[in-house]
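The following blocks contain the structures, represented as structure tokens.
Two complexes come next, and they have one chain in common, subunit A, joined by subunit B in the first and subunit C in the second.
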Partner chain A sequence: MDNNSTLNSSIHITQSSDAFYETGLDDEFATDDVAEMTQIWINERNSPEILPYRRRLVEDLTELIEHQGMVAMEGLSENVDMRFRSMLYQTEMERIKFLIRNYLRTRLYKIEKYTTYLLNRPDVRERLSDKEYEYAQRSVFEQMPFDFHNFIVPNLKTVFPGNAKSYAELLEKHYSKSFLNTLPQSQQDVNEKINTLSSVSVPDEYSAVIVRGKEEQGMFELESRRQYEIRLSPESIYMVRYSDIKLLLDEGQVELI
Partner chain B sequence: MALPQKIQRQFSPEEIQFIAGNEFISIIPNFTLDKMEFIQTSYGPFMPPLQAQVPLWLAVALKKNRKCSIVPPTWFTKDNLQALLQNEEDHDEFAKVPFHYMEIAHMLIEVAPDEIPDIEHIRKLLKDIRECRQRKTRDLLGKVDGTRLELHNMSRMELNEIRPLFSAAFNEMTKLQFLDNQDEVME
Partner chain C sequence: MSTFADNAYKLAKEAKRTMEILAPYNEDLVRSICREIRFLCSLIDKIKADMKSELQQNPSAITTVLVHHLTVKRSKRVLMAYHRQRVNRVKQIIWDQGNVLSSDNRIALSGPEIDFAKDYSELMTSYKQNFMEIDLGGNGGIGLDPPDDLFIEVRVLKDAGEVQTEYGVLNLKRGSQFYVRRTDVESLIRSGYLKHV
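So, the complex of A and B:
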């Protein structure tokens, strides 16, 4: 974006903003990024598992906020009308920033909760952004999710001074040192799975979600029980198992509420 | 923690209010201004006494700066709410309401009490409607079967309120069904 030459006048800024729309967003023209981000955030908050990261959407909105921020800054030094506009622009920017922040925090919450599961499943790992993947992997002394972990962190720091271990690796070492090595060899695996009981936290794909169709699409048979149907329509709201509508959510045919 | 505990299982009422901020409402501006280019889209021009359509968040910001009056939506009158209550009481199903009716009502009463005729009566009607719908919600809990539960015509705030209890019940029923299926396999 060529902003340096146009910074002197707010009128020019407005023109460059038009140019920005034309060049920066043509492949997503006529879509409402803010409305989409809102729904993506609501979906992420309500789905038990982590959903694919929407990199393009977050990047586009971040860029738009930065740009609008400059417009708003310019307005502050102008007349009363412009200051008034700037105040309103700021209000909208704060709303969108809240959306993006809360979206990212929701994802971090899931990453902390399901670290081992995420790192062991390449198909799920693909849904993370590079930074999220790094976060799951790198040493996260300060971000331990449970009090229990806060308690053990000082000890871990003594055991591995200045050593950048991944969160997952640290936990595994700790479990091993503190009690796993006293167990029989066959029970030492931290990813042990006995029938349906697993020692790793895994998202519950059968958990309840509230859902509605985006458009009128008629009846849809539930995956788990074919004799049950739901109507896909903006007017029809259901509580169902997440696993039953997972595909529809992927395809963008339903939204979570 | 990345996400405060109290919002891990449901949205906070403030967050639902935030979502409702995208709903459109009519205002009458008391200032003149060209179209404003926001990130989402443009709003305006603003030319009193012409009405303009803006999202709630913008209406609230303008109203708080005494820059507009808000035109309450047609359903938000004493007569229409009375009719809605009647309808709600006459039928077992939930009556159709605006998806964000509670948030919009809350916002209007909070920021624009001066523009709502019969505000006390309206408050009372809203409370009666809410209580009538809550009774229906309690009956609904018995229908949770772990497969699918119809929640048509419930509003976003109501859905969010029932979420923790209803999903816990739903998940328990799901587990029971799995146990059932295992038994069948064993037999």
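So, the complex of A and C:
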């Protein structure tokens, strides 16, 4: 029965059952992770801009899934009861995988949509994971082992085997090959601004989000409309401008729904 | 002579019309818009060179330059939008159907677009390798739909030989039916070997 205890302490099969959630479970840790991941994923899906990457959470859950996968496989050969259990665990694993997959893909979508904006804003760039940053733009100078004492610049080909390029490079190359390089020199810039029209896509901070307080926090004044206040509590749900609750979301006081 | 940016307008309309599908790349139109931009830019340069310092005093010349300049910017914007929309479409195809572009799609794409598709699928694959356990999908693999049943009933439409799964070997012979784990056969369903029943 040693197997069972490991199974129970890792991932609960009750994620979809709200009642079970609230009645408290013997192992808070893992269940919290899944619940947190679910909320992080919902936030990411609903927020117009990219949110800080939750590396620890993703890594923990990935590790758990890996572990769980092995345990579930062991259960296969055993009796019918164990097989049934194993199936439940696998179903749950698929669900968690879906969460993480969708979370990462949502982020990729935003990265591709706002590449230039993300890369030009150091504060926003920080929210990307290392891999995501690499995906958006491979920075030659940050990754190159540069020997300052002897001034040896390594051959780029040996530093970057293969020719996987970053998304920003790909896009620029594509535009250039498709039409930009046939235009006069003065018109070859990819990112330009004419009056109020910019060719760089920027997330719309004024778009509406639906928000709910996490705890009883009292009243909160909206920045865009000073005379309005919203009540932060798990019972009140509001539709507000994203820019108004941006800070609250960052501090984890509210959640998007 | 047609009005300036006429072709750009045509291209913009075409982009709007073909929002949902991958239409053949309109190389002629793109080229003629580029030609117009080059022509207008040379006009602007010529006016500027001829007038030099007098430009400021000549309202008619300055207006000409302004109108030409706006036309150039407008056309360029349309070109950017047209290409971006197509790029998004290409990316979607790569995620949904895989990097092996079907011949239908291949005809519709321009040379640079085919290169882009190839490079993009490489980029995507190298990012995906960071998350082997999760399997981010793409290349015709698992989609973004939430998981349904763990096991599904599938019918074999085309012979696919033997397939190794964690539950043993499946001999996929046409017409036979199996009860298998969804994740094991996802890609076979998408490529048309199996059918979910």
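Methods note: the second predicted complex is superposed on the first by the 167 of 257 C-alpha atoms of A that agree within 3 Å, B and C clash if a C-alpha of one lies under 4 Å from a C-alpha of the other, contacts with A are read in each partner's own complex, and residues count from 1 in each chain.
Criterion: a residue touches a chain if its C-beta (ideal position, glycine included) is under 8 Å from a C-beta of that chain, and two chains touch if they have at least 3 such contacts.
Here the structure is a predicted model, which is why all the values come from computation and not from measurement.
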* To do: Check the residue A:55 against both partner chains and state whether it touches subunit B (first), subunit C (second), both, or neither.
  => neither
* Does subunit B (first) or subunit C (second) touch A:83, or do both, or does neither? -> neither
* Give one of first, second, both or neither to describe whether A:236 is in contact with subunit B, with subunit C, with both, or with none. => first
* Asked: First (subunit B), second (subunit C), both or neither: which does A:66 touch?
  -> second
* Asked: Which partner does A:121 reach: the first (subunit B), the second (subunit C), both, or neither?
  -> neither
* Mind working out whether A:35 is in touch with subunit B, subunit C, both or neither, as first, second, both or neither? => first
* Asked: Hey, what residues of subunit A end up touching subunit B and subunit C alike?
  -> 65, 87, 91, 95, 98, 102, 105, 108, 112
* Asked: So in the complex, which bits of subunit A are touching subunit C?
  -> 62, 65-66, 69, 73, 76, 87, 90-91, 94-95, 97-98, 100-102, 104-105, 108, 112, 131-132, 134-135, 162-167, 170-171, 173-175, 177-179, 182-184, 186-187, 192, 194, 197, 199
* Please name which positions on subunit C make contact with subunit A in the complex. => 30-31, 33-34, 37-38, 41-42, 72-73, 76-77, 79-80, 83, 87, 91, 110-113, 115-116, 119-120, 122-123, 126-127, 130-131, 133-137, 142, 144, 146-147, 150-151, 166-167, 181, 183
* Note which residues of subunit A are touching subunit B in the complex, please. => 14, 17, 32-35, 38, 42, 45, 61, 64-65, 68, 81, 84-85, 87-89, 91-93, 95-96, 98, 102, 105-106, 108-109, 111-112, 143, 145, 204, 206-210, 222, 224-225, 228, 230, 235-241, 244, 257
* subunit B - residues contacting subunit A, complex -> 1-3, 7-8, 11, 15, 18-19, 21-22, 31, 33, 36-41, 57-58, 61-62, 65, 67, 144, 146-154, 156, 159, 163, 166-167, 170-171, 174
